[in-house]
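Working notes, structure below.
Chain naming follows the written order as A, B, C and D, and within any one chain the residues start at number 1.
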C-alpha cells in the first residue's frame, strides 16, 4: 500500500483529512518515507479514531458524498449511468447470495461463521449498499428521504396490532 | 387511514412521537374523532416537519432502529431469518429492475420520467435498502461501519491518479 | 378469451396449428360463434393432446422458435435488446424469489404447497427460462450447445469420486 | 485433465459412453497412459461428434437427466434443496449481469465482443439454465411443460394484432 493510497483511503473515512489530519500530502509521504514509527502509528490511530467516530452513525448523505468524490477522482462518472449501476448492483446481490447458497437455513447472528466469513459478508452487504446509494444519486432520488417515506407507507399498509389488553 | 395507523406511521418519521408530539394515543383519536381541523393540520405539519428534519441526513442506525421497532410491533421477527430477508431483498431488486427493463439506456437524472414514476422508483430503491439494513442487523453486521471500510478498501485497490501536472 | 386468442395461443403449443388443426381462422371463429360444443371440445382436446406431445420433451430450439414468432407477431423485437431482456430476467428471478421468501427452508418436492402455489411456481420458473432463451438468442449464443459444454467443463472441474471398492 | 475426468466429462455429452464408446474405464486409462495419439484423437473426435449431435436440439429433459446423474455421482443431492439452488441461481444471474454492467447499451448479436467474451457469456447463461433446470426438478415442476403453458398464457394475455388488411 503506497502512502498515496493510504492518504487517499483515509479521506474516505473522515472528510476533513486534508485540512486537519495531514498538513500536506508531501509531509505525510516524507514521514512514511522516513519510516517514522510515530507517524505510522499516528495515521493508524487517526484512521481508527475516524472510523469509530464515523461508524457511530453513518448517514446516507455521507456515503453519497464519498462515492461522488470517489467517482470524480477516478473519472468514473462516465460509467455511472443508471442501468450500468443497476446491473452492478445485481452483480453484488449475486455475490451476496453466493455466501448463503449452500448453507441451508442460517440462524440469526450467524453463530457458526468465523470472522473471515463475517468480514466477507460485511463487504458484500456494503457493495450492495454503495451501488444502491450511487444509483439513487444518479437517478436524482434522495434515498434517505424515500426510505423514511416508505417506512411510513408500510406502517399505514400494515398497521401494528394495538397493545391494549 | 385510521388514526391509529397515522399515529403509528408518524412514529417511523420521528422517534419521539410518544413522549412529545402526542400526549396519548387516546387524545389523538378523540381529536380526530371530533374532526378537529386544527388537530389534523397539526399532525400533518408535525409529520412533515419531522420528515424534513429526518431527511436532512438519514443514518443507517436510524433506519435500523425503525425497522427493529416495526418488526417487533408486528411480531414479525420470527420471519426475519437471514435467508428469508435475502430472498426478500432479491425480490425487491427484481421490482427495481422492472422499472428499467424496457427503457433502453436511461440518462442520468431520468429526464423523461414523470413524478409518479420517480416516486415509484424511490419506493423500490427504498425497499432494497430496508431489507439490506434489516438483513445486516440479523446477521450481526454493522452496515455503516462495513461500508466505510469497504470504501477504504476500494480506494486502496483503485488508487486515484494523482492530479499534479 | 376470444377465439382469436385461443387460436393464436394454440399455435404456441404445437407448431402446425394453421395447416392441420384448423382449416382457417374464420372457420374456427364461426364454430365458436355458434357455440358448437363439439368444436370447443375438439379444440380443447387438441390443445391438451398437443401439449402432452410437446411436454414429452421440450427442446431449447423449440422454445427459441416460439419466442421468436411471438415477438415478431407483436412487433416486440425492437424491445428485445440484450440489456432489456437481462433486466426482465432479473425481474422474473425476483418474482421467483418472492415465492420462497417467507417460508424458511423448503423440502424437496414442496410437500406443503397446494396446487395453485405449484402452478404459480411453474409460471415463474418458466418466465425465467423464456427470458433466458430469448436473451441467449439475441446475443447469438446457442444456449443448448453452451449448456452441454458447461456440464462437461463442470465435470472436468469437479471429477466424481471413483466408485471402485 | 485426468483421463478419468475426460471419461466422466464425455458422459455428459452423450449418455451412452459406457456401453459403446469405451469398452471399459480401465481400457481408456491405459490407452491414455500409453499416450496413444490415436486414442486421444478418437476420444476428442467422439466428444466433438457427440456434442454436435446433442447440440442439434438439446431438450430440457436431457439436461435434467445429466444434472441428476451429475449430482448423484458426486453425492451432491444433499446440497440441492430448493432454496439452496435458488440462491445459487441468483448468484449466477449476478455473474451474468457483471458481463453487461459497464457496457452501456449493447446491440443485438454483440458485434463488439470477442470470442472469449462470447464464450464466457455462454457459460454464464448456461449456469443460470442449469440451476433453473435443477431447481425445477427439485420442486417437482416439469419445466418444459410449464414453459409451453406459460407461452400459451402469454399469448392469451397479449393477443397479436391480426394481420388482415
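Brief remarks on what is shown
We adopt the following convention: a residue touches a chain if its C-beta (ideal position, glycine included) is under 8 Å from a C-beta of that chain, and two chains touch if they have at least 3 such contacts.
A quick note: this is a predicted structure, and the numbers were derived from the prediction, not measured.
Chain pairs A-D and A-C differ in how many C-beta pairs are in contact, and the one with more is A-D.
In terms of residue-numbered contacts, B-C and A-D present the same interface, as over half of their contact pairs agree; the other options in C-D, A-B or A-D do not. Note on chain placement: the centre of chain C and the centre of chain D lie 17 Å apart, centres being C-alpha means. Computed from the mean C-alpha positions, the centre of chain A lies at a distance of 41 Å from the centre of chain C. Centroids of chain A and chain D (each the mean of its C-alpha atoms) stand 38 Å apart.
Counting only residues that touch two or more partner chains, chain B has 81, 83, 86-87, 90, 93, 97, 100, 103-105.
Per the touch definition, chain B reaches chain A in the complex via residues 1-2, 4-6, 8-13, 47, 51, 54-55, 57-63, 66-67, 70, 73-75, 80-83, 86, 89-90, 93, 96-97, 100, 103, 105-110, 118, 121-123, 125-130, 132, 135-136, 138-156, 158-162. For chain B in complex with chain D, the residues that touch the partner chain are 83, 86-87, 90, 104-105.
On the chain C side of its complex with chain B, the touching residues are 79, 81, 83-84, 87-88, 90-95, 97-98, 100-105.
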